[in-house]
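Both complexes shown next keep chain A, but they swap its partner, so chain B is in the first and chain C is in the second.
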Partner chain A sequence: MLHIDRLTLQLPYYQPWWKRRWATCFEQISLSLMPGEIHAIVGASGAGKSLLACAIMGLLPEGAKTSGQLVFQSEPLTPARQCQLRGRQLALIPQSLSALDPLVRSQRQVSWAARRAGQAKANAWKSAGQALAHYQLNDAAQRAFPHELSGGMARRVLTAMAHVSHAQLIIADEPSVGLDPRQRERVMAALKALADQGKAVMLITHDLRHALPIADKVTIMRQGQCMETTTARAFQGSGDTLSSGYAKSLWQALPDNAFSLPVAQVAASKEPNSA
Partner chain B sequence: MLEAHHLEFGFRPEQLVLNDISLALSEGEWLGLSGDSGAGKSTLGKLLAGQLSPKDGRICIDGGPLPARGLSPVQWLPQSPELAVNPRWRVAKILREAWQPPAALLHAFGIQPAWLSRFPHALSGGELQRVCVVRALAPGVRYLIADEISTMLDPITQVALWQALKTYAEKHRLGVLVISHDTALLERLCPRRYHLTQGVLAASG
Partner chain C sequence: MALDVRLTHWLAYRLLRLTLVLFCVAALAFGLVMLSPIDPVDAYLGPQMAQVSPEQRALIAERWGFESPPAVQFGHWLRQLLSGELGWSHIYNQPVSEVISQRFSRSIMLLSSAWLLSVLVGFALGVIAGAKEGSTLDRVISGYAYITASTPTFWLGIVGVLLFSVYLGWTPICCAGPPGVLSQEVSLLTRLHHLALPVATLTLLGIASITLHTRTRMIALMRSEIATHAFAQGASRIDIAWRHGIRHASLPALTLAFASLGELFGGAILIEQIFAYPGLGQATVEAGLRSDVPLLLGIALFTALFVSVGNLIADSLYHLIDPRIEQGPL
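Showing the complex of A and B:
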């Protein structure tokens, strides 16, 4: 459904005397997202995961320099097409809960998303209510303002907005951060259900362990590089089927596994990484 | 020994968050505390560190009360380090607020000399978390309350942080209370664990 071919992103920054330099945020990223699949993008902070989502949605800051190609449903995804498909075919569940309008009740916000996707006004209101009910948000939550919702509920409102848009590609940016286990499972189950309806879901997270049960494929990113793309099943046992050393040590470092660092990794983790 | 005797605490008069909680943390011991969000884990941690005062019950360190001023022997390590530092101070000043950490310790926690001249916003969450942990290891400190300090870290950074802390705590016989959602992590770190639900503690391992 979505093919990313050697995508590279550079953002400008300015040195004293207004010299413009380019910081490479990620380079040579190639991925394919298939309908009905959850593709997890896992990496530490600063790996360029969220910027990859912005690049797909066409939400990069001005002055960004990209190369490589995006192909969505066998047609190139140009900025004009991104603008046209955003909120209709492409949906982003943003990382920050501040993406919700603080002055608007949740049902109205979701109905806006439905309107944007082309539904008539009366219909949009009704489907917004249905979508919220689908994510176990009751009448009180549908009438609530964002500050009255818990983190998990707000997250489900954002998911409902992606749901009503009937988008074919859904990008969820760190959907489980800051949620307790029960809430996290609900959000993850909601994403799984979207994939089961035949949508392509891109799950961006730093939490490898909780992405694995629902993911079909996993891409490990590190400092803007794509380290490895593999099936979620490769992460088992001592991780011998993983090809890159970084993916292996990430797997080994989990508390349910060895909870240890390979010697080389200790040195690597002390390298200065750009903040 | 750090002890809590029959603690009671609530933010509203009619609603108790913690009800008759007693626990003891010995020198050099690692104790785990899990619980659902909103169960009062952080509140209990803050009570133990003396950042909140209990409505009823008391907290003793070696049989006496916590000192009212000066360096507290019980230090609370917060989940969000960016909220626990002065944004207008450089990292070197933050790090040396209570003591002068030796270079070997900075190295053990992977703190780069280049970070020292930066402001906190120019460090990532994991980097700043390490700064906050080292800041709290001053000589008079004997107990640490680690409140979800590795939640937002990737697995490799998480292991590196805990290994460095474990080495230091063993050497200096620090008692550590680890608060986390992550039962697998607690099983790794703490031989003795508690679970907090509806204001009551239960042993879980």
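Showing the complex of A and C:
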């Protein structure tokens, strides 16, 4: 559905005397997202995950320089096409709960998302109610303002906003952050249900353990580079089928596994990037 | 708590605060008048001052209670106030309450239309400028706002009179109606014609601050995560400004609109003076220049009441717009 071909993003920054420099945010990223699949992007903070989401949605700040190619449903995804498809074919579940408007009741916000996806006014209100009910948000929660909702409920409102758009590609940016295990499972199950409807879901997270139970494919990112893309099944046992050292040590460092920190390996894999 | 109990509590609290504010203003105004070089007996006698002997003056002063200490005089005045007696204005030869109500009924036309126009136009311009930050339209609007924000009221008033009344002759030069016509016989159209230039001057100046504050709030919103999320849903800038922007920007605009009532009053004093419009502002200046102490104190109290009620309205409107602000009575 979405093919990313050697995508590179550079953002300008300014040094004294207005010297413009370019910071490379990510480099030579190649990925393929398939319908019905959850593709997890795993990496530490600053790995370029969220910026990758922005690049796909076309929400990069002004002055950003990209190279490489994006192909969505076998047509190039140009800025004009991104603008056209945003909210209709491409949906983003943002990372922060402050993306909800604090002055607007949740059902109204979801109905706005539906209106922006091209639904008629009367229809949008109804489908907003249905979408919220689908995520177990009752009448009181539908009438509530965002500050009256719990973190998990607000997260489900954000998911409902992506759901109501009927988008084919859904990018969820850190959907499980700050949630207790039960709430996290509900949010993850909601994403799994979206994938089961035949949508492509890109799950951005820093926690490999949370992604693995529902993900089909996993891409490990590190400092703007794609370390490895593999199936979720590869992460088992001692991780011998993993090809990159970083992915392997990340897997082995998990408390459930060896809980080991291979010092030499980490130091060695750090060098080419920091240079 | 039941709604009516909460409402009563809230009202009682508000009224108590209002009374305290008014008491402080009364004390301060009274103190200032006591310190001022105004001699009420001189002011009362006016040109007949020369015909009155020092013994007679002392008699008047004694009758009026000027021998007693200031605190006693203040208490006396306060008792009069509480019984609804504001005193007698010697320059208009009318009770102070009547002067204020007459003058205010003329001023309110000028004040309310200028206030309403400047709030509505200022808010609309601010929303447009903020939504299109950096565009030519934004530059024109904020340029206009910066220029008018730094323009003195009286100067703009004088320029307005020179241009529209003297050179072009479109508007009358002064007053609330044509000279020599009884105020009861002035038609509505003529009244509006006389109001046009003062209202336009006050409005032009009032727009600036509301525009600038609304614009700042709009720019912050357009850069916020709320806007990014809306962009991700495929919203246009106009859509975001219309759906999210108006809600967010109306909070500072509302605060400013009601908080600026005092400023508007100040502006009206100057404007009424320039256009010789017989409103409350002009009466204030007259009362000050001709030492009409009861009228001056009455106007000070009335203005304080007017401004405090404005702030009270703003406070009670907040929670209607922003649900995060603690609920008021409703």
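Here is the rule we go by: the second predicted complex is superposed on the first by the 264 of 275 C-alpha atoms of A that agree within 3 Å, B and C clash if a C-alpha of one lies under 4 Å from a C-alpha of the other, contacts with A are read in each partner's own complex, and residues count from 1 in each chain.
By our rule, a residue touches a chain if its C-beta (ideal position, glycine included) is under 8 Å from a C-beta of that chain, and two chains touch if they have at least 3 such contacts.
Just so it is clear, the model here is predicted, and its values are computed rather than measured.
Asker: On the A-aligned overlay, A:P102 touches which partner chain: chain B = first, chain C = second, or both, or neither?
Answerer: In the superposed model, A:P102 contacts chain C only, not chain B.
Asker: Check whether A:Q119 is in contact with chain B, with chain C, with both or with neither, and answer first, second, both or neither.
Answerer: A:Q119 contacts neither chain B nor chain C.
Asker: Touch test for A:G87: chain B only (first), chain C only (second), both, or neither?
Answerer: Once the two structures are laid over each other on A, A:G87 reaches chain C alone.
Asker: Determine, under the contact definition given at the top, whether A:D180 touches first (chain B), second (chain C), both, or neither.
Answerer: The answer is first: A:D180 touches chain B but not chain C.
Asker: In the superposed arrangement, which partner chain does A:S127 touch: chain B (first), chain C (second), both, or neither?
Answerer: A:S127 sits against neither chain B nor chain C.
Asker: Classify the contacts of A:T229 with the two partner chains as first (chain B alone), second (chain C alone), both, or neither.
Answerer: Once the two structures are laid over each other on A, A:T229 reaches no partner at all.
Asker: Which partner chains sit in contact with A:L254 here, chain B, chain C, both or neither? Use first/second/both/neither.
Answerer: A:L254 sits against chain B, while chain C stays out of touch.
Asker: Quick one: classify A:L59 as touching chain B (first), chain C (second), both or neither.
Answerer: second
Asker: Which residues, counting only chain A, touch chain B once they are in their complex?
Answerer: Of all residues in chain A, those touching chain B are 43-46, 177, 179-183, 206, 208-209, 249-251, 253-256, 259-261, 265-266, 269-270, 272-273, 275.
Asker: Can you check the complex and tell me which residues of chain C touch chain A?
Answerer: 224-226, 228-235, 239, 243-244, 247-248, 321-324
Asker: If you look only at chain B, which of its residues touch chain A in the complex?
Answerer: 36-38, 107, 110, 112, 114, 118, 122-127, 152-160, 163, 181-182, 184-185, 187-188
Asker: For the complex, which residues does chain A have touching chain C?
Answerer: My answer: residues 57, 59, 83, 85-88, 90-92, 94, 96, 98-104, 112-113, 116-117, 145, 147-148, 161, 165.
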